[in-house]
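The first chain written gets the first letter, and so on, giving A, B and C; residue counts start at 1 in each chain.
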Amino acid sequence: MKKLISVVMTTVLGVTLLAGCSPKQEQPQQPVEQPPKKITVGILQPMDHTSLNQIRDTVIAEIEAMGLGDQIEIDYKNANGDPSTMVSIASQFIGNNVGLIVPIGTNAAQTVAAATKDIPIVFAAVSYPVDAGLVTDLKKTDGNITGVTNAIAIDEIFNLAKTLTPDASKFGFVYNTGEVNAVSSIDRAKEYCDAHGLEYVDAVITNTGELQQTAQSLAGKVHAIFTPNDNMVASAMPVLAGEGIKAKLPVYVGADSMVKDGGFASVGIDYTILGKQVAQMVERILIDGEKISDNPVEVVAEYAKLINKTTADAIGVPVPEELLKEFIILE
Amino acid sequence: MSLVAATGALELGFAYALLAFGIYISFRILNIPDLTVDGSFVLGAAVSAVLTGSGHPVPGIAVAALAGCAAGCVTAIQQTKFGIPPILAGILTMTGLYSINLLVMSGKANVPMLGKTNVFSLLEKAADIRYSKLVILFFVVLLVFLFYNYFFKTQLGLSIRATGDNEAMVRASSIDTDMAKIIGFGLSNATVAVSGALVAQMQQSADINMGAGMIVIGLASLIIGDAILKNKTVFRGLLSVIIGSVVYRFLIALILTTSLPPSFLKLISALVVAVAISLPNLRVKTGFSRLRIREGE
Amino acid sequence: MLQLTNIYKTFNVGTPDERSVFGNFDFYVKKGDFVTLVGGNGSGKSTLFNLIAGVLLPDAGSIVLDGTDITTMLEHKRAQMVGRIFQDPLKGTAPNMTVEENLAIAYMRSTGRSFFSRVSKKDKTYLRERVAQLGMGLEDRMGAQVGLLSGGQRQAMTLSMATLVTPRLLLLDEHTAALDPVSAEKIMNLTRDIVAEQQITTIMITHNLSSAIETGNRIIMLDTGKIVVDIAGERRRRLTVKELLEIFQQASRKEFDSELALH
């Protein structure tokens, strides 16, 4: 056993020192590209989640639909909710010399960005890439990173609120303090409210179990509830919707799925559109050879506008005629 | 597996070996389960991220250690002075740390430090070394390993070990077991926080949720290490923890190279760990049956 | 030397299980005395030890050891003055640590080294010599884990650890009862030798009447929290087991388990 220990120690030490002492070398030359060889695109997804899965499926399907199936090979990896596994996946992508990496979500994008300065990165669904430190400016992508953000349209949501419930001047903000996207969206919502003379109360949760009580605490205190594209709230949306109906409070939400789950109305992100934009960006950079710097960060081209009629009836809010054409009305 | 992936696995193995050291101290040496680590790991990461952001990467790691130590002491004081059961005390501290961690990160769930100078880029700049992460992590692990090897043979270290081994005897030897536990938990969580601090600088961001499941990762390293190297002495125990942590990372890297559906990752890692642990037992069993067959002849 | 004055101790106060063990209890031990303590179950022997060692605090009264009032002193502080050995050999040693490490804990602590000092070469030699005196062959197993030792060896170690630095008072709580007869004999002889050599004031609980007579210079019997027999001096030296049994039966009017007593 003693021998085993010394062997292990010496090996580890040896490998480390050898690795450490070798002077910095030029990156090995990329192998000369042979026509039949496909370029690999690594997709890094942190965990399984409805919106994230939708993005990933759309990106893969769209690349296929654009007829790039014989030029691009997809290597999709999922960290199953373990942040340290994301690092392993990132180093595997780099070791396999993938041509481009598509990280989904802020943490995945940060992990990949920390791991490589050379391989192009096209992120999907990072709401605030500047806050996340990925780019210095949405229009200035001077590194190896660009992508499509899913920043929600705060202005449009509050405009909608003004049309539907003009008397609502005090909002309850329901969100999870642990979700960077949600917190950043709320910060912007607060800025908007401050600028437009609206009042607001924070109602934060740290797990889905707290949602019901938190929602109930808002009854009688506010005129309406706003929740951003918050994954935790989204996963328990029926609870919030139910409490909203009980208290006759309109619940404005940041994502289309949340309206389907009983939220009142949204001008939200359509992740299918986002996925398609990501796929097109991948094509431009990888196949057409465009530079990252010529591809600034994109916002979602088209928002999903939805109103839940059942909820509207339950809380007694009439939906004006003119909105019926523009919005998708869910019964 | 590519060289980059192998290096990556080794780096992660070393970084999380520190986490496993911390868990080894509470679970194995003091023989008390400590759930504080999920929080103190993030605390270390948060402190290190904030200080790295303001240009102090090295103090960031030192302050992270102090903060982690304080968190551990809080858990131990709850147990020893207020009679709160260990698991609950750990849960309480971990829960409270969520708010503290957010406070440290000025209310943000995620603190990026992309492009900021960290300990790894410092060495890269100073010494023109290619594998700066590997070198720094290896020497930090080595340093902590040597420190604990020395420490657990000092009077204080022996007292802490004996407290986990036979508390009644320790009290009868006129040693304050409460103090031994508080110091042990402090050291344990300081080490965990350093792990979090290094991981954060490695990934160039700290996230409020990055501590989830750290206990499981640490315990997996402990158990794999135990299966490879029976850890009766502190020297072997600590060595087995490093080996366990590195092997665990290589297992995950290996699984990732297969073409199995990504959603099976967790199931496969669970299976691999289960097999790793049961191998020694299986060998004993087959040894017995061979013996029995020979006897039957 | 050891003076217990007016001790009161009641368990489960205010519940239907309320049980008073000591009321107005006085007890005095002279310096250098070796007291053997006998008594049936529930007589208060263990409670008395727990009060002296600081595991329990009395409801009222005072405990003074060598001029120091230790009535409310914390257990681990008191342990610097009071050594204690239990019946269970597992209780006195740390099983996953080596013989040397176990001894080092007892030794370094009582010699007041700094927290970060380690066992020196000189200490190692000294500890080895001390262990060799036990005659248990432990000097060749300094690096072995204590959990691998026999009950007798562990109890010998515990004895050695408790007396490495001479305690002011040694409490022996049936410390040979769990051992096989040969080991028990060995440990009892060791105890007598060490106590005599270091002139330690000692109280020993025992169920074995012949041990109680062969050892020490004073014998005490407790019954329901009272000292019912206290024999010392010349009379104690001439005492036989048979005589002792009769005295006990008279004193407590209880049948002493004669099989156990003569064993």
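Please note the rule applied: a contact is a pair of C-beta atoms (placed from the backbone, for glycine too) under 8 Å apart; a residue touches a chain by one contact, two chains touch by 3 or more.
Since we're looking at a predicted model, the values are computed, not measured.
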{"item": "Overall pattern in which the protein chains touch one another (line/ring/star/complete/other)", "value": "line"}
{"item": "Identity of the most central chain, Cα criterion", "value": "B"}
{"item": "Maximum centroid distance from chain C, chain identifier (CA atoms)", "value": "A"}
{"item": "Whole-Å gap separating chain A and chain B, where each centre is the average of the chain's CA atoms", "value": "30"}
{"item": "Geometric centre distance via CA averages, chain C-chain B, whole Å", "value": "42"}
{"item": "Centre-to-centre distance between chain C and chain A (centres being mean Cα positions), rounded to whole Å", "value": "69"}
{"item": "Residues on chain B engaged by chain C in the complex (per definition of touch)", "value": "150-151, 153-156, 158-159, 161-162, 165-166, 168-177, 232"}
{"item": "Residues of chain C defined as touching chain B within the complex", "value": "53, 74-80, 83-84, 86, 90-97, 101-102, 104-106, 108-110, 113-119, 145, 161-162"}
{"item": "Chain A-facing residues of chain B, complex", "value": "1-10, 12, 16, 98, 102, 107-110, 112-115, 124, 128-132, 134-135, 138, 199, 202-205, 207-210, 212-213, 217, 229-230, 236, 239, 242-243, 246, 249, 252-253, 256-257, 262-263, 265-266"}
{"item": "Chain A residues touching chain B - in the complex, by the definition given at the top", "value": "1, 4-5, 8-9, 12, 15-16, 19-25, 45, 48, 76-85, 87-92, 94-96, 106-107, 110-111, 113-114, 131-134, 177-180, 182-183, 206"}
